[in-house]
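Here come two complexes built around chain A, the first alongside chain B, the second alongside chain C.
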Partner chain A sequence: MELTVKLFATFRDGRFEKAQLDYPPGTTLANIVDALRIPRDEIGVMLVMGRHAELEHTPAPGDTVAIFPRIGGG
Partner chain B sequence: MSAERPSERYSRQAMFWAIGPAGQERLRTGSAAVIGCGALGSATVELLARSGVGRITVVDRDFVELSNLQRQVLFDEADAAAGVPKAIAAAQAVKRINSEVAVQPLVADVTPDNVEHIVSEVDVVLDGTDNFETRYLVNDACVKLGVPWIYGGAIGATGMSMTIRPGESPCFRCMFPVSPEPGTMATCDTAGVLASTVVAVAAIQWTEAVKILVGDREHLNPGLVGFDLWSNDHLVTKSSRAPECPCCVQKRFEYLEAQVTSRAASLCGRNAIQVSPGHDLKLDLAAMGRRLASVGPVTSSDFLVRFTVGKHELTIFADGRAIVKGTSDKSVARTLYARYVGT
Partner chain C sequence: MDNILRIDMGAPGGPKATMEPVGAYAGLGGRGLTSVLVSKEVDPLCHPLSAANKLVMSPGLLTGTAATTSGRISVGCKSPLTGGIKESNAGGQAGQVMARLGYAAVILEGKPLNDDLHVILINKDGVHFSVDNSLRMLGNYATVDKLRVQYGEKVAYMTIGQAGEMKLGAASIACTDRELHPTRHCGRGGPGAVMGAKGVKAIILDEAGTTLRAAKDPVAFKAAGKVFADGIKKHAVSGQALPAYGTNVLTNILNEAGGYPTNNFKTGQFAGASKISGEAQAALEVKRGGSATHGCHRGCIIQCSGIFNDEHGNYVTKQPEYETVWSHGGHCGIDDLDVIARLDRLDDDFGLDTIETGVAIGVAMEGGLLPFGDGAGAIRVLEEVGKGTPLGRIIGSGAGIVGKCFGVERVPVVKNQALPAYDPRAVKGIGVTYATSTMGADHTAGYAIATNILKVGGFVDPLKTEGQVDLSRNLQIATAAVDATGMCLFIAFPVLDQPETFQSLVDLLNAFYGLSLTGDSVVALGKTILSAERDFNTRAGFTAVDDRLPRFFEQEPVAPHQVTFEIKGEELDKLYNW
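Up next is the complex of A and B:
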């Protein structure tokens, strides 16, 4: 299934800002994050189609997934 | 000033439907603490002062430097040249902006020893810190004492904010249960930040604080607000309290009880301070070295990363300890640790 994955802030470093990626059916957000080599403890919030989602969530084909790191600067 | 006739100074603000003369009077009798007065803090302090919040406490452990002026809106070249403590420079600026406001500067490191006193004296707390450790500490104190606080963070073009109403909305640990390990998160000093990102986050924080002060709970942000100004993305999440939250559900205030707080200790006779993370840690020194290489000269080995910034030298070990040479001031050492190692 194809998903649109959007990354934010430092998660873009060495990866991408926005990409259409192909995943097997049943892929969870945890699978996506791990495949992108994003350390789970650096994740601030994840959204699927604009809604807050947890690592166990399975997006539907065509969904947009957004992954933000924690934002600590001030 | 009476509730019926706000002064000319606030007339445009008091015309706004959700504030009005009564809301303006609540601002005048209200109080706020801004913890950390860097970029976010100086922007929120200015907004609070201009809008007529009657009493403002400004807490910061750092002093003004030239590299601050691009985004820390309350400070100027004279402050940087004189190295004025940020809390003092902010208070001086507030007095010039609005003499009706009572401002209390506090040049201090926010610690388990003083945080409860700071937050207990105000109606709302605004986050201006640059590190997660202090945010967890503020969260503990505010949840314990029932004081609302507003998280804000900015890096690059990305900003986030969250309004925490103890007992009503998710607290910071509901959203982020575990503190990031020191050295794993980018900071403004290693990844950069746009002034516009900071100002946008500060605008959200000020607006949330004013909603709290005028008593409009209906319109408070329901969860985490985030945006990227460069790529034009915006999010608002609605979140629930974590059923097992150690802080707001189990009432275990681990940061307040200094169980997970970093420690700073003087190294006798060396003009150096050792900062320890306060718990077991295994840093990726290679990644740390790469991150710091954009900031200043770095030398590294399998056992340590050493780099120089200004007159200070930081030696960072794999267990998360850092020895900060060139100062005997623990606040300076903790500031540098927060900036370059990250907490």
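Up next is the complex of A and C:
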């Protein structure tokens, strides 16, 4: 299945900002971040179609996945 | 900080200063002192621009000490914008100098008999008044440039620009940073208009001959300070993300979460968001020889700010922060960082709250004054404020007035104060804060974004109604207490996540003052402050009706989640349940 994966802040370093990537059916967010070599403990927030999601979440084909390190402001 | 300096601007024969012991206000600082004092001493039914209003400036309890990131100054008064109580705090150097000079508060009272512009110098020897009408209708930059010739580089300036002189509802008080740029503003709610009404153009704070404030228990203070600083440094938000990208790192995440108010709250995502994101901004600043990491005051170790240069490498303004980039950016449909930086520079120069002003311009766009996305037009409209034209005065009076003048229904204000950069339909916790804060719509009053979006201090789903009132209440209480310490609110990220960092903050207060506060005492302090503010607002005529969002948030679903704000009034009314 094809997903749009977006990375932000330091996660872009050595990777990408936005990519269309193909994954086998049943791929979880954990599989995605592991494949991108993003250390799990550095993850702040993951959004799938604008909603917060956890590592065990399985995106649907065509979903947009956004992965952020721990960030803040205000 | 044993004394309060009262300055009667209406005294016969000219301004008169009186020093008195801190007395009944002992143990208070920052927002704690300003709000308790305003609630006690200011007639809640007075006109905000009248002699009866008071402008209270107070450094926090730890400001002027060796504790890191503790340089905030609070300004309190009855707000010309909301008609309720106001506390607005800023960084810059002023707070530290005022604290080192020994003042728990400096209060401007009364009203001058003529329209002279006064300059007040406060140094270790006392207070000196002068009249300088050559500063009339000068912006903050030109005012400081002129004053520094006389008063030098090693002082802190608090000034008002044209907006304050015209006594407009969005008028701010500028505090200079370490480079003497007037870029750190007590912005929200129009405190600059109150300073203007007192006939004061500038306050100069000279720390020559002063020293850092000394703790009662210096050994314990130093030890607590180290744990506190280590806690800030090791947290990913305060130690890495804020220094690297600034607060504008939020643009992308709010946009991805569908909570980024676009084109005057019509939709929750902005097509141009990535162009004005913190990532893009930091890269541009570095490329142009500015900086993406800069502290607004001495002793800050978070350094969330930066320096924004133009394409030729010349200084334009400090790094516009997230709310500013949003209010002039996505809110107005503008996706050009140079335009946004220019607008930020003009806001700082004229002495305007960047949130109120950007939202006002967006509301004017909705009203047909200019199209959404028109950057050049936005600059032209804002320049009217500096010229003091009727249009400029309307824009500088804030989003509520602009909405009335241009016949707009969708006006995003609570208590007549403009909503900041988070759509309350898609981030419901912040909607509770907007609705119920004593300050009017204010994100800092109870920053539910931390828990709704960023997963700091736990997680409460932003799209659900459950738990939002409790979340906002707890944050509002904690924030009121933090605002009393003089600490930058960004310490809340490590404090919320790391128990030892919270404890070290309490330990700093205890070591400094010889107290034995606990976590419960901090909560009690927060409640005391909020209760004083709430009491003032009640006596000023505010009721439950004022603790509501504009109706369109309940009626118009916002994309992409197609949600409304459906937390009921009776739930909001439970916020102040102690």
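By definition in this document, the second predicted complex is superposed on the first by the 71 of 74 C-alpha atoms of A that agree within 3 Å, B and C clash if a C-alpha of one lies under 4 Å from a C-alpha of the other, contacts with A are read in each partner's own complex, and residues count from 1 in each chain.
As a working rule, a residue touches a chain if its C-beta (ideal position, glycine included) is under 8 Å from a C-beta of that chain, and two chains touch if they have at least 3 such contacts.
The structure presented is a predicted model; accordingly, all values stated were derived computationally and were not measured.
When the shared chain is aligned, chain B and chain C each come close enough to touch A:9.
Of the two partner chains, neither chain B nor chain C is touched by A:62. In the superposition on chain A, contact is made by A:51 with both chain B and chain C. By the document's definition of touching, both partners, chain B and chain C, reach A:71.
By the document's definition of touching, of the two partners only chain B reaches A:39; chain C does not. Common to the chain B and chain C interfaces on chain A are residues 6, 8-10, 17, 42, 44-45, 47, 50-52, 66, 68-74.
On the side of chain A, the complex with chain C involves touching residues 6, 8-10, 12, 17, 42, 44-45, 47, 49-52, 66, 68-74. Contact residues of chain A toward chain B in the complex are 6, 8-10, 17-18, 39, 41-42, 44-45, 47, 50-52, 66, 68-74. Residues 235-238, 240-242, 244-250, 252-253, 256-258, 274, 278-279, 304, 321-323, 443-444, 447, 449-450, 453-456, 459, 461-463, 489-490, 493, 560-561 of chain C touch chain A in their complex. Chain B meets chain A in the complex at residues 36, 38-41, 127-132, 135, 152-160, 175-176, 178, 180-181, 184-188, 191, 193, 198, 223-224, 226, 228, 231, 233, 235, 237-239, 342.
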